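Labels for the chains are A, B and C, by order of writing; each one numbers its residues from 1.
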Amino acid sequence: MVFASHNNIISGLGFSTEENYQAVLNSKLAVKKTTLPFSKEEFCLATIDQTLLNNRFSNIDDPKHFTKLEQLSILSINEVITNSGINPSDEKTVLIYSTTKGNIDLLEKEKTSNIDKKRAYLFEFANVLKSHFNFKNNPIVLSNACISGILAIIIAKRFIEKGTYNHVIVCGGDIISEFTLSGFKSFNALSNEACRPFDKARVGINLGEAVSSILITNHKSLSKPYETQIISGFSANDANHISGPSRTGDGLLQCLNQLNITSTNHIGFISAHGTATVFNDEMESVAIERAHLTDIPVNSLKGYYGHTLGAAGVLETILSLESLKNQTLISSAGFKNKGVTGKISVIEQFEKKSFQSFIKTAAGFGGCNAAAFFSKI
Amino acid sequence: MNYINSYAHIKNNSVYVNGEQVFTYDKNATVNTFLSEAYHAINLVYPKFHKMDTLCKLGLLCAEFALQNNHFINEHHLQKTAIILSNSSSSLETDKLYQHSISDKNNYFPSPTIFVYTLPNIIIGELAIKHKITGENAFFITEKFDANLLVDYCETILNHNATSAICGWVELNENSYEAIIFLVEKKYHPDKNSIFKPLNQQIVTQIYNQT
Amino acid sequence: MEVLIEKLKRQVIEQLNLVEVKPEDINPDSPLFGEGLGLDSIDALELIVLLEKHYGIKIEDPKDGKTIFQSLTTLAEYIKANGKS
């Protein structure tokens, strides 16, 4: 069995999983209208306050020598290692880091700092984490667009089942940069208001920054936080278009079918990718319907956090685990009126419910899709 | 037991398939010129090729050379064909191009066609689209070519929900580049154009280091 | 108008990397999307950039693109009506 264990979320809603979960229960949103130093325009984004971060990070090391993403990642992974007691130097322990752009802000010429620009290379970034924690194994960096987070968890499970590792810390993170913001803007994919997954009035995403870490392990003693195992997980490609999803949700359907769900009875919810673009949410609803999973209520957490790219799959899985542990369905923030053709039902209020399991889905640029199934032991 | 059916290796403006040089070009030519010539040499007719960034062109061409004169695509269930790629620089060359398009505030024109290529897994997307391959995906970043990681992960999925895989390394960093693509499968069905070697770390490393 | 259309042909070929297409191959009245040149949604976004970069025209709502970008002729007519240069 492979278990989901200790974890951490750092986001605009707090520096711990507990803080984040409580904030979500109180319908707090990390997304806010923000003006950034490089643009006169106002965007709706979820940022993490650098001053707060520097203060926290100073307890560990000098913030001047680390990028924002490095500071966040070190803080987050540190929580997981401390709480679980695992030894990073153990040869059957590894870090899998999920990110789309890493330290991409280092490409900005105007930025003057003591930080070596070579850390724009993802493996150099990973080496900073390796050195800090004294990991024996080189971290594995996974850069597979927005499915990276959940895919990293699936890959962790596969490596553990194969016997290559016993413990895998999966850490996912991305920061907001002019690079990413301008790019999504050129795609006309941004919303100026808080985003509205699955809603009729949805117009696009909000970008969010976050880092989240979770320990995936085969040690039963570490299963205590959630008593939950990862049953299965798969990825697939639409083979259709490099930036738009398949209109018929082919790739995601292939993933959902492979989960081989025979009964939807005890499945509490589907934690959807739900980015709030016109195309993604429509595609997901179609895939869920074609997979005969419409009985299972759906939510998206991106109304709270925005799209956190490399962190999304990890962050959203962790909150889904909290949801399962607390037997509480999380309301899908930003949703009022259904605006997708697939016959899904979106969770509109927080609700106590008795359930055993949940499904997590994701999709990303490059036509990639992923789905995973988590269940109480 | 899993097998390497065939492989293609592109470096130093030359293309090798199963160890034999099949195309070479002026060593002083730029990577883009070389790739353009290689595209014509293989008689590829695929207009989308020209819209790709250099990294995707490199990856796609390497795969095309490996797949040429090979029944791999026809023989395999493409829903169960995985594409597992890796490199050390991610999409950095295209990232720099994109950064350039937003660096001058007086000439500020973020390009969506450049931005879409600022993710390394787009190579996987392009390959998937061309051949309708819908199986598992993964793009890993490692400092150097990591035979152990690729073999370990390929074996994992071949024991699971894949019956074949296209795996390898597609790297572009400033003026240096290299790509190696292996066609891997579970079943042993010899073909006169294949090399059929067992998939293991030792053999993959040996093939990679072959000049 | 013809001068503008010839100029547009070259600009579209360059901006969209249509390497195998020659200006003389493009029929200005053929659809740009779907059949004809077979452009896709990313190309549509890039055409919006082209309009701003070369003609100073900003399209606020990309949905307007459907009519403006129907063919090179409709694009040229739009530029004539709205362009600053």
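The rule we apply is simple: contacts are C-beta pairs under 8 Å (C-beta built on N, C-alpha and C of every residue); 3 or more make two chains touch, one makes a residue touch a chain.
Note that the coordinates shown come from a computational prediction; the quantities given were computed from them, not determined experimentally.
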item	value
Comparison of B-C and A-B (more C-beta pairs in contact)	A-B
Maximum centroid distance from chain A, chain identifier (CA atoms)	C
Centroid spacing, where centroids are CA-atom means, of chain A and chain C in whole angstrom	38
Separation of chain A from chain B, taking each centre as the mean of its C-alpha atoms, in whole Å	27
Mean-CA-position distance for chain C and chain B (Å)	33
Multi-chain contact residues (two or more partners), chain B	110-112, 116
For chain C, residues that touch 2 or more chains besides their own	42, 45, 49
For chain A, residues that touch 2 or more chains besides their own	186-187, 241-243
Residues on chain A engaged by chain B in the complex (per definition of touch)	100-102, 104, 107-109, 120-123, 126-127, 138, 140-145, 147, 151, 155, 158-159, 161-162, 164, 178-179, 182-183, 185-187, 234-243, 250-251, 254, 258, 364-368
Residue ranges of chain C touching chain B (in the complex, touch as defined)	16-21, 42-43, 45-46, 49, 52-53
Touching residues on chain B, where the partner in the complex is chain C	47, 50-51, 109-113, 116
Complex interface listing, chain A residues touching chain C	186-188, 241-244
Residues of chain C that touch chain A when the two form their complex	40-42, 45, 49, 62
